[in-house]
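There are structures below to look over.
Here chain A shows up in two complexes: once beside chain B, once beside chain C.
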Partner chain A sequence: MRARSSRYALAIVIVAAVVGAWLVPSFVHGNFWLHIFDMMLINAVLALGLNIILKTGQVSLAHAGFMAIGAYASAQLTLKLALPFLAAFLLSGILAAAVALLLGRVILRLKGVYFILFTFALNEFIFLVSKDAVALTGGNTGLVGIKAPTLPFVAGSLQTKAQFYYLALAVFLLALAFLAALYRSPFGRAMDAVRESEQLAEATGYDPMRVKLIAFVIGSFLAGLGGSLSAHFLRYIAPFNFTFWESVNFLLMNIIGGSFSLAGPIIGALILTPLPEFLRDYLLWQQFLYGLILMLFMRFLPDGVTSAIGMSVRAVVDWVRTPRRKGAPVAAETQP
Partner chain B sequence: MSELLSVSGLSKRFGGLNAVSDLSFSIESGSIVGLIGPNGAGKTTVFNLVCGQQQPTAGEVRFEGRVVNALPPFERVRLGMARTFQSTVLYTDSTVLENVLRGLAARSGPAVWSGVPGLGRWRAYRDDLHRRAFDLLDFVDLRDVHDITARNLPYGHQRSLGVAIALATSPKLLMLDEPVAGMNPAETAQMAQLIRRINQQGTTILVVEHDMSFVMQLCGHIIAVSNGRKLAEGTPDQVQRDPQVIAAYLGDEDVAA
Partner chain C sequence: MITTSTIAQILVNGLTSGAFYVLMALGFTLIFGILRLVNFAHGEFYMLGAFVVYHLTTQLGLDYFSAVALSALVIGLAGMMVEKTVFAPLRGRELSMLMSALGLQIAIQGVMAVVEGVDGFSIPSPVSGVYRSSWLAFPYERLLVVGLTIVVLAGFYLLIKHSTLGKSLRAVAQDGEAALMQGIPVNRVYAIAFGLGAALAAIAGGLIAPIFSLHVYMGQAALLKAFIVVILGGLGSIPGAVVGGLLLGVAESAFATLFGGLTAEMLGFLLIMGVLLWKPTGILARADG
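Coming up: the complex of A and B.
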């Protein structure tokens, strides 16, 4: 009974959240806030992509690199080859996934800090390529004049931030639904097994390499899609969008929100996306502040905000459900 | 009876050390075989070689007549070889139930989408998985603690859970590395009981153990190793009386017990 009512509660919360999210452009009119809401959704897609990689126990600092692959691919496919947005969008995800598939076979053999270091170097490499491969990336100047997204059966392009919002929301919801289904599937269990003990997982019939590779490819696919979205939203991309610090940012979203549930990276994206806008005048302090936040979370809330919310919700529910009628014998509860 | 596992000429070198040297033995289907030897004799290394966690320097491992040297550990599990570890290895942050579910799901894992609610046979799959998990928990006497996080279990229960996870893969051969190390006599007797019951269900057992009286009571056949070489092989009586075995265990009070 308890499981069923909590499932209804969850369904209501989800429906309310989706309806609420859908209504945002009707209530938020200033471009400043609409810009932030759009970026929140793009960042949430990217943070979700990193979440599935983290779920197999691999901490990647190359996420912004895969985002860059998607962003440049999507921009050039629409600029140079004049592909429609939707085709470029999907191809950019596929390209990032293909790169992950090729590299993953090698780098996923690295464990722990070695994997972190290698992905850090990989992100730097992609960053350098984006600076130096001028013909492909426009070098330091970047690419300007990227077109706003167009959609089949929709007249014109999604020029305004409010129009773009619905596209970003749709992509975000699809990504979320896909991951939610995947996490509940036998493959979700396999990812948890590999993260918790690769040794035991392998000794009980899981192929850790395959599990990690699939997760890395899916996560990078989402990074590529997120890169494409951001390119067509900002209409301008340059190397500084894809530094190592951006990768740290996606990692922070997962840590602050909590990487053990899908709500975590979403909440992390909601919290961290607006921060730079308010810290604009204190750019020097930003990295310091991020480091501090990271350390505080690691120390006091290692499982992120969602774990704290989960704990307090459970505490409230338990308190509400605890019978407090004076003198009522507890044993009576168990009688049929 | 037929031969389930056979190793021939198995050797493993670690730098200059011959951890296992030219070891050959075979295990009959349905038996309980003990692998004994002093600390550092190479018993755990034999497990690692047989199960594929390590590659032998030389030699062959056959399971049901098939050479499995080239197979990674997870594929050997799918053939029916399972093991436990000397130091208990569990999914320590997960519940007892989840630990067993992971062992079950690895082998019988259907397509990804059958886990999607409303698609495929999700409910049937999940119910079947849970039913089998609770059957297993009943079997190892852990049903009462099914929702406890593995790291919070008492030591004896942790060892049983390790066995349950291995059992969840439906092995034909179950290899146990020192299953009663650090246990008190009551826990040891329980584990011996559990191993017998597993064997009665048709699972062949290979058990490494230090506790000689435990091995002598449990096993019908014993292989004694020292310095990576086989010293003796036979019934408990034969092995116990073997002069080389006695020499290897000289000063080891367990032999007298």
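Coming up: the complex of A and C.
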């Protein structure tokens, strides 16, 4: 009974959130905020992509590198080969996934801190290549004049930020629905098992390497798609879009939101994307505050906002349900 | 055309940057070995060390060598306080510690950018001139870097091998819990290790400051080098940091001379990718890691 009612509540929340998200461009006017909402959705797709990699226990600092692969591929496929956006979009995801598949077989053998260090170096390497392979990437100046997305059966291109918003929202919802279904499937449990203990997972009949590889490929696919979206949204890409700090940002979205649920990376993207704007009044101290917030989070909310919300909701529910006698002393401390 | 003097020049440059890499990597690997912390803020202690030397010499008129020593002391103490406030409460949570180190890196950079501005500064070199022979030209300021590094390394070796503190450090690196049961004040050892690592980074900053200009973002590149060296030599391995640092310095110098700076920069990454895949525990690591 209780499970069913909470399931209804969840369904209502989801439907309300989707409808609310769909209506954003009708209420939000002005390019400034629309730009932020668009970026939130793009970042959410990327953070979701990292979430599935984290779910198998591998912490990747190369997510921005895979994003770069998608962004440059999509830009060049539309610029040089004049492919329609949708084809370039899908191909950029597939390309990032293919690179992940090739690399993953080898690098997923690395665990813990070694995987972190390797992906850190990999991101720097991709960053260097994006600076040096001028013929492919335009070097430091980057690629300009990337076209706005076009869609089949839709006249013209998605020129405005409001039009783009619906595309980004659709991609985000598809990614979310796919991951939600995947996490509920036996494969989702396999990923949890691998994260908790590879030996145990192996004993239960899962092949940890295979599970990690599939997760890494799917996560990188989403990174490639996110890269493509951002390239066609900003219409301009350059190496500084894909630095190590960008990878850290996606990791932060997961950690600050909470990496143990799908809500985590989404909430993280919602918080972190506009954060620089909120700190703008303290422009001088912005970087310091960012670092300080990160340290405070690690100290006091290491499992992220979602777990904190979950805990406080549970605490309130418990408090409401606890029968209390009228007139009973509330607490001993209140007495002098 | 490769001549004896080309090779000599490669070695001179390689040795200088190698000495610098060794100092950076030594503290980094010490901190990892003891605290299990990937110290992303390591480059910032190096930057802070260089700036303290800058202020001590230009504003207080201290001589260069005392300034480097004092800067190492100040940054070392600051490092101990940072360990106590930021990392001690997170003990055992590796990912939280790593992310906090990232936060610390961002925060220190942010503060220094406000305090010092983002322009470059320079420190006059305490020595000048070039040692010349028929086949070798070794600027004295670079010779000084190599010489001081050797002095610091010797001191560090004596400390680790022949002092009570060194024994405690080695014990904690091997097994923190067992060390605790032997009555070693483990928490103090953690703080000292972090302070020692920060002081080594500060010395590196002080040594390199007269050669390159200093600015608040100089830590990032130095951190990257420390990363590469410790992966080459094995995380937590002190001999590995020395060998890895020299190896990277000389290899980079050779590649820069023969193929240009860009190839040299790529080299570091290709090297560590190779090492990580072939032998993740580093080229010098023992079987027990």
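Everything below uses one rule, namely that the second predicted complex is superposed on the first by the 302 of 336 C-alpha atoms of A that agree within 3 Å, B and C clash if a C-alpha of one lies under 4 Å from a C-alpha of the other, contacts with A are read in each partner's own complex, and residues count from 1 in each chain.
Everything below uses one rule, namely that contacts are C-beta pairs under 8 Å (C-beta built on N, C-alpha and C of every residue); 3 or more make two chains touch, one makes a residue touch a chain.
Remember, predicted model here, so these are calculated numbers, not experimental data.
**Student:** Now for A:W22: first (chain B), second (chain C), both, or neither, which partner does it touch?
**Tutor:** neither
**Student:** According to the stated criteria, A:W285 is in contact with first (chain B), second (chain C), both, or neither; which is it?
**Tutor:** Touch status of A:W285: second partner only.
**Student:** Quick one: classify A:I255 as touching chain B (first), chain C (second), both or neither.
**Tutor:** second
**Student:** For A:V113, using the defined touch cut-off, is the partner it touches chain B, chain C, both, or neither? Pick first, second, both or neither.
**Tutor:** In the superposition, A:V113 touches chain C alone.
**Student:** On the A-aligned overlay, A:R299 touches which partner chain: chain B = first, chain C = second, or both, or neither?
**Tutor:** Only chain C; A:R299 stays clear of chain B.
**Student:** For chain A, which side has the bigger count of touched residues, chain B or chain C?
**Tutor:** C
**Student:** In the superposed arrangement, does A:V59 touch chain B (first), chain C (second), both or neither?
**Tutor:** second
**Student:** Name the residues of chain A shared by its contacts with chain B and its contacts with chain C.
**Tutor:** In chain A, nothing is touched by chain B and also by chain C.
**Student:** Which chain B residues qualify as touching chain A in the complex?
**Tutor:** 51, 53, 72-74, 77-78, 82-83, 85, 89-94, 98, 101-103, 105-107, 109-110, 112-117, 165-166, 168-169
**Student:** How about chain A: which of its residues touch chain B in the complex?
**Tutor:** For this pair, the touching residues of chain A are 181-182, 184-190, 192-193, 196-197, 199-208.
**Student:** Show which residues of chain A lie in contact with chain C when the two form their complex.
**Tutor:** 59, 106-107, 109-110, 112-114, 116-118, 120-122, 124-125, 128, 132, 248, 251-252, 255, 284-295, 298-299, 302
**Student:** Can you list the chain C residues touching chain A in their complex?
**Tutor:** Going by the criterion above, the answer is residues 38, 86, 89-90, 93-100, 102-111, 113-114, 224, 227-228, 231, 235, 262, 265-266, 269-270, 272-273, 276-277, 280.
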